[in-house]
Amino acid sequence: MSHHIVEVKDLRHVYPDGTEALRGVSFRITHGESVAVIGANGAGKSTLLLHLNGYLATSQGAIRIGDFPLTPATLPEIRRTVGMVFQDPDDQLFMPTVFDDVAFGPQNLGLVGDELEARVQEALARVGAGHLRDKPPYRLSGGEKKRVAIATVLAMSPDILVMDEPTSGLDPFARRQLMALLKDFHHTRIFTSHDLDMVLELCERTIVLHKGEVRADGPTLDIFRDEALLAACRLEKPFAMQGCPVCNR
Amino acid sequence: MASIGGAVKDFRQLDLLATGDTGVHRLDARAKVLVTLVFILAVVSLGKYELAALFPFFLYPAVLMALGDLPVRHIARKVVVVLPFALMVGMFNPVFDQTVLVRLGPLGISGGWLSFASILVRATLTVGAALILVGITGFPAICQALDQLGMPRIFTVQLLFLYRYLFVLSEEGGRTARARELRAFGKKGLGWRSYGSLVSHLLLRTWLRAERIHLAMLARGFAGEFHPRRTTRFGGREFLFFAGWSGLFLFFRLVNVSQLLGTIVTGVLG
Amino acid sequence: MHMADALLSPAVGGTMWAASAGAIIYCSRKLRKEMDTGKAPLMGVLGAFLFAAQMINFTIPATGSSGHLGGGLLLAVLLGPAAAFITIASVLVVQALFFADGGLLALGCNIFNLGFFPAFLAYPFIYKPLVGSAPSKTRIAVAAMVAAIVGLQLGAFSVVLETVASGISSLPFATFVSLMQPIHLAIGVVEGLVTGAVVSFVYQARPEIIQSVQEARPLGATPSRNVLAAFLAAALLIGGFVSWFASENPDGLEWAIARVTGGEESAEPQVGLHARLAALQESVAFLPGYTFKKSEHQPENVAGQESPLGTSVAGIVGGLLTLAIAFLSGILLRKKDRMA
């Protein structure tokens, strides 16, 4: 089904102040894949993400999401297909209550009344946040906010889920909960993260960005075994793959 | 620093009260907003020297606080704390208005004192009514009521955004203010220059946050139009609530119930 | 300073509410076209910012008292008049509801006093012309200072007019003015300093934030006509009040004017002004509900109440009884098993 394919061809992006954030990035992600995009700060991860739902206009290169090339005309459909969850849930939860936030997306798609209610319920149930329905966001914990943020995106029935630093700021328990949730999704998933252990557990494929270019693109485990590559890109192995601090092996 | 923390704490408390589930909480917000407005208009329309005529109006806050399970002490404290301007202006009344209007035996009470007391009572009633409204309705519901009653959508959306981010910004502001205080090393006051700098940085961060929020809105299909929130019903109960209280306020306004009661009682006793 | 319900009469409160509501509707219409550019979250978040900034204090040099940013002018510089007005109004609404600042009826006055003057008068007519198209640090500082002072003076004067027109307070016009204006002069200076500092900083860090507003509406285009109309309306409103006051208390106004001008006003201009405004006063006197002409300066005349004021013990007994009944019903109605 071509409709869940994400194809990026030779994407370049230069910011107004002259910074070359992306220098010819290309890759192809197919339906159901779970891919991590990792790299040092400033490597271009966020810039890449912002292209995927059309927030940043593609000036050089091409992006194709499913059947649609990314153009101003196809923007609404692309934004429904690509569900993006940002790093700071406070930026994503901008309505007075959880219900309103989750309903925001579907309302923009034209849903009203019972249909809307059902959609919101379903999305909240998926992330286990049904009981948070009428709470204002400022009274949620970090983990709850993240889950609700995901629900706001799920309510639009996206085919592709993109998340920027999903586990950042979470305590170990909340992190576990979130990872269990994400494992359960069958969408195409694209994550950026510094949490390499999460990447190891959740993503079978990893793309490494360094200074705006793709340095490596392949099976996660292979990449994490390549110490030279990791070092060159200001990364290191996930803790799970480093020596045991207790018995030193 | 303490002022931010304290103010936000109050804000949270009042907001929390609004999540109660009593009968009055469940009423449609429009009824409550309208009754509050009638109440305030009635109180404020009484003559300058009316004092006893104001007393029957206390029935409304008393009853509503009881029905809505609102802690009296908390509301009372807030009312007391925020009377400064009215007090400051009102306290000139006894100075400028010395004509004696009421005689209690040998004691003569001047118009100035009467009107000053009247001002205090008015302030308590009106401010109390506003707090109670929030306590039994909740801010988002009030905004929706305003929207339904005809307020421009852009304004109600603004109110909702403001409410949503008040807490976030206060926290951010509080953190920065605390950092500034911690580096003051015992110097008593912090000057306007460091304040200006603090505020400038907070402003820029806020601007960036606004851009990110806009991004999140676009990502969820926003195209310039804000949609109404869920629908509410203004039914029989709401009508009764509105008509009942409004009628009572009108009665209190036209008939000096205190005077009436007093005459009856002293007539019976005397 | 914030106006309070306790000092307000329904007529004055209602009028100001009408003015503020009208302004809100006008601004909302204007902003509708800009809603897809991210203006909405910006206004919301800047409102919250203002709120937070107002809660942080600094000490004013040489006085030791603390001050904080009012922010009306700053918002106008950042957002433009319409958006700034809406934002200021929203902050005042929240303050009135959650922090019991003033009151709901007084909200109309406060929105007008603290929103209209900085956003629609001080900013377009003082700040923008003074700053010009090539703002330098000095120009910004001066423009901010003058605009802030004028905006606050106008706001403070409105409070005086509204209070005196309501008649609940016995403070005479002249005394009130002589208290309010100097205090707000000091506040205005501080506001000007801080606003100037912040604008300068922002201009250096991210100039596009400010320029975008300046470029949006050149002063010669149509919208300024509307602003001028608003100016005129405000002037008429103020004129109406002043004329009322002049007719009721000619001594007070004369005294105030004499103090301000430092000498005796020649008879001509005053009569001329008076005559012109007296005509306005006729229309003011036809406001429904309350007539302020029934002057509260005559104690035996209490507007609207039939019970005579020369009351006796009965009134007081009745009053206490009523209070007791009110409170008692509150206590009785409370659920018995309420958790503390």
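By letter and in written order, the chains are A, B and C; residue numbering begins at 1 in each of them.
Note that in this section a residue touches a chain if its C-beta (ideal position, glycine included) is under 8 Å from a C-beta of that chain, and two chains touch if they have at least 3 such contacts.
From a predicted model like this one, the values you see are computed outputs, not experimental measurements.
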**Message:** Strictly by the touch rule at the top, which chains does chain A share as contacts with chain C?
**Reply:** B
**Request:** Between A-B and B-C, flag the pair that has more C-beta pairs in contact.
**Result:** B-C
**Complete:** Between chain A and chain C, the Cα-mean centres are separated in Å by 48
**Request:** Take the average of all CA coordinates in chain A, do the same for chain B, and state the distance between these two points in whole angstrom.
**Result:** 43
**Message:** As a quick test, compute the distance in whole Å between the mean CA positions of chain B and chain C.
**Reply:** 18
**Touching two or more other chains - residue numbers and ranges from chain C** = 41, 44
**Request:** Give the residues of chain A that touch two or more other chains, as numbers and ranges in rising order.
**Result:** 94
**Message:** Residues touching two or more other chains, restricted to chain B: which are they?
**Reply:** 15, 139, 160-161, 163-165, 168, 209, 213, 217, 222-223, 225
**Request:** Spell out the part of chain C that touches chain B in their complex, as residue ranges.
**Result:** 1-10, 13, 24-25, 27-29, 31-32, 35-36, 38, 40-49, 51-53, 55-61, 64, 66-69, 78, 86-87, 89-91, 93-94, 96-105, 163, 167-172, 175-176, 190, 193-194, 197-198, 201-202, 205-206, 209, 289-290, 296, 299, 302-307, 309-311, 313-323, 325-327, 329-335, 338
**Asked** In the complex formed with chain B, which residues of chain A make contact?
**Response** 50, 53, 55, 76, 79-80, 83-84, 86, 88, 90-97, 99-100, 104-105, 107-109, 134, 136-138, 152-153, 156
**Prompt:** Once bound in the complex, which stretches of chain B touch chain A?
**Reply:** 12, 15, 19, 139-140, 143, 160-161, 163-165, 167-168, 209, 212-213, 215-223, 225, 227, 229-230
